[in-house]
């Protein structure tokens, strides 16, 4: 039995992680840490009544090390790099769901997140937890940095055509859209129900922090530097991401070949579904760890459509997939 | 041309009032007052760009009196009773959309709103602005207290059967539901999009502040004290109220007679639609000043279904209807 | 391992049953029957790709008997009473999710469903599958009639106060609201997205077919005939039911006593949560088999608020709960 | 007073046109034609009760010519080219909201709509009714073809940068999203509420029929043939379109220059709002005839964000804007 702690227990990724872990046959949640301590988690999340009545406790690395084998950090960025070193030093394996350890170059991190990175040693050893690409490293890791939601869909949608030479690694455009849980649990004017409902809009055109993360992953796999133009939008739904990716098509390839390239690239990956009969839709992946992908040839562009649930494959589900790899469990355990 | 001021310009009822007044052929908006002064209103509400570019100004009763014939107070309760006396003293006619002057008995106000009433003189002369019931008084009024959203639907739904002796004035039950704009524009955890979306719940069972207002109006029309049990719910929509009202049926009356009683009671009322072919629905009244009513006999209960748009007939539209009456304009002007 | 068949595989309750059974550690789905045969179920429901690729087959009672221990009938009414006898005769245990066997009196069935009942023998032996009330019978049953969604919430919300003499069994009023999946998967004008979205309305006031089912269950438990007034509404959400129930309060009881009565009545029931700190909300029960209940004293009425997921506790989850009981499995297996 | 007929009265564009015309101070609706004749329009659209009680009548060109100055054709394609010639021959001015007369080349029409064009004479004289581009022609027109919803937003978003030489007319990519009213009023499985709600997906990638219409308008204004890649998506909202358009930026231009180009291009256009402080959002244009546009420079791409209400600027509002031009009325009359 894997004993799991959750640090930063009061946000949406915490709730989602708890829900999935409760169903995992080889995990027991033992420790919930948050500044909102001294109350049962079910007070914060009434949906957990009767399912998880653990108390929220203060963050205590030694106690966590005594009671848990792995800690999921469901913290905002900056907070994660304050907590992770203590847990790692205490011998706990850590899966960090924040952005703090995703960008390997601290100057890039500082540029996009407006904060100096304070934990170089662990940044150097953090493994980027995208299991479809880096399973071997994850299996050996003590410390996994869980990818961002948009970057998970973007990287997995971009790479096969680029890696197979079917698309040019230039002028890559990603038009993405996310449900509102992606914006977190803290109330804001712009996410007040009557502002967000019956609305749809683009935001952060070309300036979203997930841009360098996408570029880093694609560049790493291709072995050469790649740039993307990333434009996110907000959909009035609770959960789900859909990305429509435009890649310059190299001449001479058919759509069937592109589909075959995707199928081959993700052969044996239990959570990747290459769709040829219908296009991906948020409805088909909501509340699952699947990533659905389709590719269409349209003039001289490949259009790749990718859907995930931002809370599952884009956050907590992927974190558990990483945990399974780190602890030698079947990758799908607790996630079907 | 009626010159109109809006005080408390940054909330939803202000926005709604502005939108309707811009379409009113005999009104010109001249003054917008708010603590968020020194910016155009279209900065606060980008939907008003090109439609209304007036600056928001500080609250100045003398300036308002010089520039406006009527002021709409779109303020929260307590704030209204601080502003209304100054405007009335300066000679401006006032339509107050807050709850401050709705309850004629200041001890009832204090009990429900936990605040001592600070403006007895104007409380005594305020006219309750429900045009379908009190048009004669409204026509003479300098100061109108605009009804609450739930109470508008409840009172108009309850009274005809009671006034015609078709229902007992006991054990009156109102199961009501409102869209989220009714909760105002200030962001709150409970109205954060992912909390409210795909949700539905009751709140304030038997303790909602609109209860005494409903009781006061019905009691006043009937000439005897009436109590109601009022239970509101929250619907994940932007706007609209639907109330399902249960009244004990006195024996011997048919549904057709009840429908006729409603039709007769509201004869000549341009905004009341008695529905006999289909039940009221929020969709049919959204963005209009109509109130749709149907009545069904079910066992020994009348069930009255009432729909309004909480932002229009339940707030700004009704306020303009009152303004039309106060200024001798046709009641429907600018509201169709 | 329990081998399960699903008959009528193309509707929402089928999809929901399949999803839950796929997670059940002691069930294997072996047979999917529908008139839409000759295609994999994942063609009909793309969300099942990679999770369940069974082919849809024609309805063949002998083949089902050879391959399955239990059949879930996810059929509309009338269709169920055509299929159930054949399966029962072939020795398969049956859980019927339709309305065909819920009403024990065939004249009541005929009155409300406008159809003569064609299967008296099995009607006589069908066990009404509300586990919180009738677990002993369900454990022995070969044939279970799964309750309606509204009746599940209504009966469990009504009974404790009545059974404890805290409420009068007269003038019982249920104001209920359901998400749109409750209306089934067949497209209709009234459930076309732009008609239903941003809408809310009552329907079938006092005439909904679930009325006699609620009355039957409550009457059976109390041992005397009880009538209810049931008014449903439609909420623009995918799933969930919230019912607000009004019962005449007998004098002398406190709210705390009523809460204690509920707690005692459902002691040991793993899926019933009596809420005293917050009111039930659809969000807290969505995608779970829980039923959340709160009670408030308001004047001379008890107001009971009940929430379930209409697709889970109101349909497929409850069917699996029944299956667990019929096969001697833990009641919560596969449902947490 | 302009007397207006609406042909094809039972769809969403008809309802929207009626609502706006009822507010137009110089229009009287005189004739409603549909195959669903012999009932008042308010039976079909209960929201029109008390606002428009005209009967629906059979299509009779002579009667329409006797009673109306202009007819709005709210018909599906193919049906329009069967009705328009009769009305034009009878001397009625016609504004066609269908796609039948938008594409000037009948072979292009046949290719995309899989139907031979049957009305060459009127196709040759139809004026494409995009007022911001072709007002002079519209003013003289007896017959206007009202643009599609997506093409309105796309053309107005694309042209200024291309016309000013700031963008290359190659590799133009439009990622668009529409509310569900755009799919019409006929119920379909894919637009059944529980399928569409909480969902988001791309469709018709590179194959949507609005593609050639966009290309035709842009090519006509630029004077050279332009191709676009158009990918639409479906948003779970009632109304609204947001398009995110990617154009290759020619070097040397700043974002401020691009904004100035937009402002200059649409100088004097009352319904175009160039946004520099916030991005367009559906919420800001819903229920208005405005088109909101913003431009951002991102790497070597211009990203243009455009929002309209698909039912207003994308259909009925634009039709009335055209009517105003055709009849010498102020372009904004009845539309503010």
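Letters are used for the chains, namely A, B, C and D, taken in the order the chains are written, and counting of residues starts over at 1 for each.
In the analysis below, a residue touches a chain if its C-beta (ideal position, glycine included) is under 8 Å from a C-beta of that chain, and two chains touch if they have at least 3 such contacts.
All of these numbers come straight from a predicted model, not from anything done at the bench.
Enquirer: From the C-alpha centres, identify the chain that is farthest from chain C.
Expert: Taking each chain's C-alpha mean as its centre, the farthest from chain C is D.
Enquirer: Higher C-beta contact count, A-B or B-C?
Expert: Comparing A-B with B-C, the pair joined by more C-beta contacts is B-C.
Enquirer: Which integer distance in Å separates the CA centroid of chain A from that of chain B?
Expert: 46
Enquirer: How many angstrom lie between the centres of chain B and chain D, each centre taken as the mean Cα position?
Expert: 36
Enquirer: Measuring from the mean C-alpha position of chain B to the mean C-alpha position of chain C, what distance in angstrom results?
Expert: Chain centres of chain B and chain C, defined by C-alpha means, are spaced 39 Å apart.
Enquirer: Mind pulling the chain C residues that touch 2 or more other chains?
Expert: In chain C, the residues touching two or more other chains are 198, 236-239, 281, 283.
Enquirer: Given the complex with chain A, which residues does chain D contribute to the contact?
Expert: Touching chain A from chain D are residues 171, 173, 175, 177, 195, 198-203, 205-207, 227, 229, 231, 233, 235-240, 242, 244, 246, 248, 279-283, 286, 296, 298-301, 303, 305, 307.
Enquirer: In their shared complex, at which residues does chain A touch chain C?
Expert: These residues of chain A touch chain C: 22-23, 25, 43, 46-47, 49-51, 198, 270, 273, 275, 277-278, 281, 283-285, 287-288, 290, 292, 336.
Enquirer: Show me the residue ranges of chain A that touch chain B in the complex, using the header's touch definition.
Expert: 12, 179-181, 185-189, 191-194, 196-198, 236-239
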